[in-house]
Amino acid sequence: MEFLVRVETRLPDELPEYERADLLAHEAARGRELVAAGTLRHIWRLPGRLANVAIWSAGSVEELHDALVSLPVWPYAEIEVTALAAHPLTQAVDKAV
Amino acid sequence: MEFLVRVETRLPDELPEYERADLLAHEAARGRELVAAGTLRHIWRLPGRLANVAIWSAGSVEELHDALVSLPVWPYAEIEVTALAAHPLTQAVDKAV
Amino acid sequence: MEFLVRVETRLPDELPEYERADLLAHEAARGRELVAAGTLRHIWRLPGRLANVAIWSAGSVEELHDALVSLPVWPYAEIEVTALAAHPLTQAVDKAV
Amino acid sequence: MEFLVRVETRLPDELPEYERADLLAHEAARGRELVAAGTLRHIWRLPGRLANVAIWSAGSVEELHDALVSLPVWPYAEIEVTALAAHPLTQAVDKAV
Amino acid sequence: MEFLVRVETRLPDELPEYERADLLAHEAARGRELVAAGTLRHIWRLPGRLANVAIWSAGSVEELHDALVSLPVWPYAEIEVTALAAHPLTQAVDKAV
Amino acid sequence: MEFLVRVETRLPDELPEYERADLLAHEAARGRELVAAGTLRHIWRLPGRLANVAIWSAGSVEELHDALVSLPVWPYAEIEVTALAAHPLTQAVDKAV
Amino acid sequence: MEFLVRVETRLPDELPEYERADLLAHEAARGRELVAAGTLRHIWRLPGRLANVAIWSAGSVEELHDALVSLPVWPYAEIEVTALAAHPLTQAVDKAV
Amino acid sequence: MEFLVRVETRLPDELPEYERADLLAHEAARGRELVAAGTLRHIWRLPGRLANVAIWSAGSVEELHDALVSLPVWPYAEIEVTALAAHPLTQAVDKAV
Amino acid sequence: MEFLVRVETRLPDELPEYERADLLAHEAARGRELVAAGTLRHIWRLPGRLANVAIWSAGSVEELHDALVSLPVWPYAEIEVTALAAHPLTQAVDKAV
Amino acid sequence: MEFLVRVETRLPDELPEYERADLLAHEAARGRELVAAGTLRHIWRLPGRLANVAIWSAGSVEELHDALVSLPVWPYAEIEVTALAAHPLTQAVDKAV
């Protein structure tokens, strides 16, 4: 199953600079793990924002939830999930790749 | 450049059944052409709606506009475009494929 | 997988009374089939509206889409789907039943 | 009477970790009591959020209010209540179980 | 149980004048019956709109739904229902009357 | 003149428990005075929220403003006012009482 | 009592040109009467729209409703009313005139 | 040029009472100056809120901006500006005064 | 004075193809006149929509209104106007050109 | 490529006055650099707000993101980006300049 997920992070103003840098470094590391695990399939930045949209793949909604909660920025993030169904054109896409 | 595009189609109630079928057949054919051209990179259905979200690739915003306007359902579609920036994790994604 | 689905139907003013009755009768019949198939697990009316909220169960998002599209009122319906994850309390609920 | 209730909790950033853990433990315990009492009939998590949707049953709106206010997270929660009416298909659902 | 109900009616432009007058006359008559039955407890007009807010009383949400559906303007109405709980001040109000 | 007024209170997280209790006690006392004065005519709780909807009566909008500002929770409240016009059915309501 | 009123008119596409002109002529005439009566105190156009914002004065909300309903465009208008209270600076304004 | 301006002020909870009183006193004084200068033409309170709507007159949008920024509450205010065009009825209004 | 104006056109489904083409041709011609007159200073298409955003210049809000109403698509357009103030950086922009 | 970008800044109440002045001075300096670099093509203030709308030009969405993130107010800014396509009238505009 695939999901369109929008993650927007709002770090508190009072977060010290080194904690902020540390948090974002951990976030990047966790992101690489999720990519390696095949959970995070595609990801893009929303320009001008501390936000991304991405395609997540998971065996169940529970698995997706666990993956999202594992993000270091989770306590500061607003996350919106949209379930996606395969589109008839997908077959054409797969051939084209 | 890549764009997140949401297309939702609302066909008029009074559209005869055969025109509706014809329109959707032309839409599917045009979709396959856009996939073959590399313009339509990924596409998913929004469950329960005559709507999709997709990743479109175009050399410019003008090219994107021309591609969207070429959709047979365009006169009946509500289209929302979001410009996307590459995300640092994308490199990790490309290695993982 | 379970989904929270809200279906709101807006029949066109010009739909003749007998077509309206016929459509709603077919809708009820299709609803009973979906209940029998275990797809429609719980359903409630939103008071004062031609609308319901329900818990749908499906093996995949594609299956859910096909079930929603099979509703006779689908061309006139506005449908919103929310993917649901199991909640830790669910186990307690199952024991309580 | 049954109600669709959405509870979203936003814990303050400055809440110490042990208070947070304590609060959520009390919340789970209260949830189990409400399940045992038949007040909380079904509950699901909204993936990626500290939020749930649930079906609550109460003898009156006052009883529902008292149950919601008894949640330990109540001071931090945004709660939306929708009154539900029985749907004609419910009888079919009951037979199917 | 009491409910705050907002009813806004949008009659189709093409409704002939006499049908409009007839519909509104039936609506007023049905309103008087609901008042007599104690279902419609308080009602006010929203100035400048074909809309009202009212306090409805019903033994259950199903009864409320049946009463709302019995309104002649129902096919043209947008109806929003909010369940109400008694307020501690109500006792003071009752003494004051 | 009558007004539909919705008052939602959001007390700051850092308000000490005894100040909170004190504030709400003063609020209740002020509410009883407004009921006795005939200003607060009907009041209901919105279930699950620190919020109410009420019918306020005042000789002018200025009088209404002064009454609302006199609420102890006013600095923490979000208040929405809707002017109400008498409805033709009101006469029927008065006879029914 | 004074009210801020926003009136936006959406004439149906199929209204013949002469009926449209006739309707707007009647609207202007009725507007002049309401100005003469002191009901319509100030009025401005919202640029680019068939819409205005105005300050209306009436002895009661019922009087305001009757005045708004007397507008020839009423069946096609979306009207929003906001009750206004005198501001302490008003006295200064009156002296300045 | 005239503008409809809505100013809503949200003072921080932690602002000491005497600073709050001081700020509002300066605000009133600045308001009287703007009235005397002919910039603030009409002003009303929104009942139950620390908010007003007003008609501002300025030689240019830059002048309007400077006047709004000169308000002592500006750092705490949410300000919405709507440009207004003269309405054909205005001439009738001027004659009626 | 300059204004940010968003114009979105929704042509009725039943508009014959040649009328649609004719209307859009007149729209383009009128646009060229407004450019020549210095009223329309910058204009861009919103990709995928029959919509544009543009910077309009006018001596007054009334002049802007007259220019917008002169657009052949006006009866079918939804128009939003935002008044703009010069920004301190504008001087830098002018030097850079 | 050109983008319509809206930047609204909300400085924290507790930011000391000299830090606020310093931040805004750096913001102005960075703005002048972006103008000199041809990235910031047009900019206007939204009257009454600490906000601007501007036309940004960049070789890619990534370049735009980097430019926006380089703004000193970025941690406090809410930024909305809209991709723009050239409009057929642009050619006419270029001739008119």
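Here the chain labels run A, B, C, D, E, F, G, H, I and J in written order, and each chain numbers its own residues starting at 1.
The rule is short, and it goes like this: a residue touches a chain if its C-beta (ideal position, glycine included) is under 8 Å from a C-beta of that chain, and two chains touch if they have at least 3 such contacts.
Since we're looking at a predicted model, the values are computed, not measured.
Peer 1: What chains, if any, are shared contacts of subunit F and subunit I?
Peer 2: Looking at subunit I and subunit F together, the chains touching each of them are G, H.
Peer 1: Look at the interfaces D-E and H-J and say which one is made up of more C-beta pairs in contact.
Peer 2: Pair with more contacting C-beta pairs, D-E versus H-J: D-E.
Peer 1: Return the distance between the CA-based centres of subunit C and subunit D, expressed in whole Å.
Peer 2: Computed from C-alpha means, the inter-chain centre distance equals 22 Å.
Peer 1: Subunit F to subunit G: how many Å between their CA centres?
Peer 2: Distance between chain centres, rounded to whole Å: 30 Å.
Peer 1: Roughly how far is subunit D from subunit I, centre to centre by C-alpha average, rounded to an integer in Å?
Peer 2: Inter-chain centre distance comes to 50 Å.
Peer 1: Between subunit G and subunit J, what is the gap in Å from one C-alpha centre to the other?
Peer 2: Result: the chain centres lie 39 Å from each other.
Peer 1: Considering subunit B alone, which of its residues make contact with at least two other chains?
Peer 2: As it turns out, subunit B has residues touching two or more other chains at 3, 45-47, 61, 64-65, 81, 83-86.
Peer 1: Considering only which chains touch which, label the overall pattern as line, ring, star, complete or other.
Peer 2: Graph shape, chains as nodes and touching pairs as edges: none of the named types, so other.
Peer 1: Strictly by the criterion at the top, what is the full list of touching chain pairs?
Peer 2: A-B, A-C, A-D, A-J, B-C, B-I, B-J, C-D, C-E, D-E, D-F, E-F, E-G, F-G, F-H, G-H, G-I, H-I, H-J, I-J
Peer 1: Across the complex, what residues on subunit I touch subunit G?
Peer 2: 3, 5, 12, 61-62, 64-65, 68-69, 75-76, 79-81
Peer 1: Considering only the defined contacts, which subunit I positions touch subunit J in the complex?
Peer 2: Result: residues 2, 4, 28, 31-32, 35-36, 38, 40-47, 52-55, 82-90, 92-93, 96 of subunit I touch subunit J.
Peer 1: Can you tell me which positions in subunit J touch subunit B when the two form their complex?
Peer 2: Listed in rising order, the residues of subunit J that touch subunit B are 1, 3, 60-62, 64-65, 81-86.
Peer 1: With touch defined as at the start, can you tell me which subunit B residues reach subunit C in the complex?
Peer 2: Within the complex, subunit B touches subunit C at residues 11, 13, 45-49.
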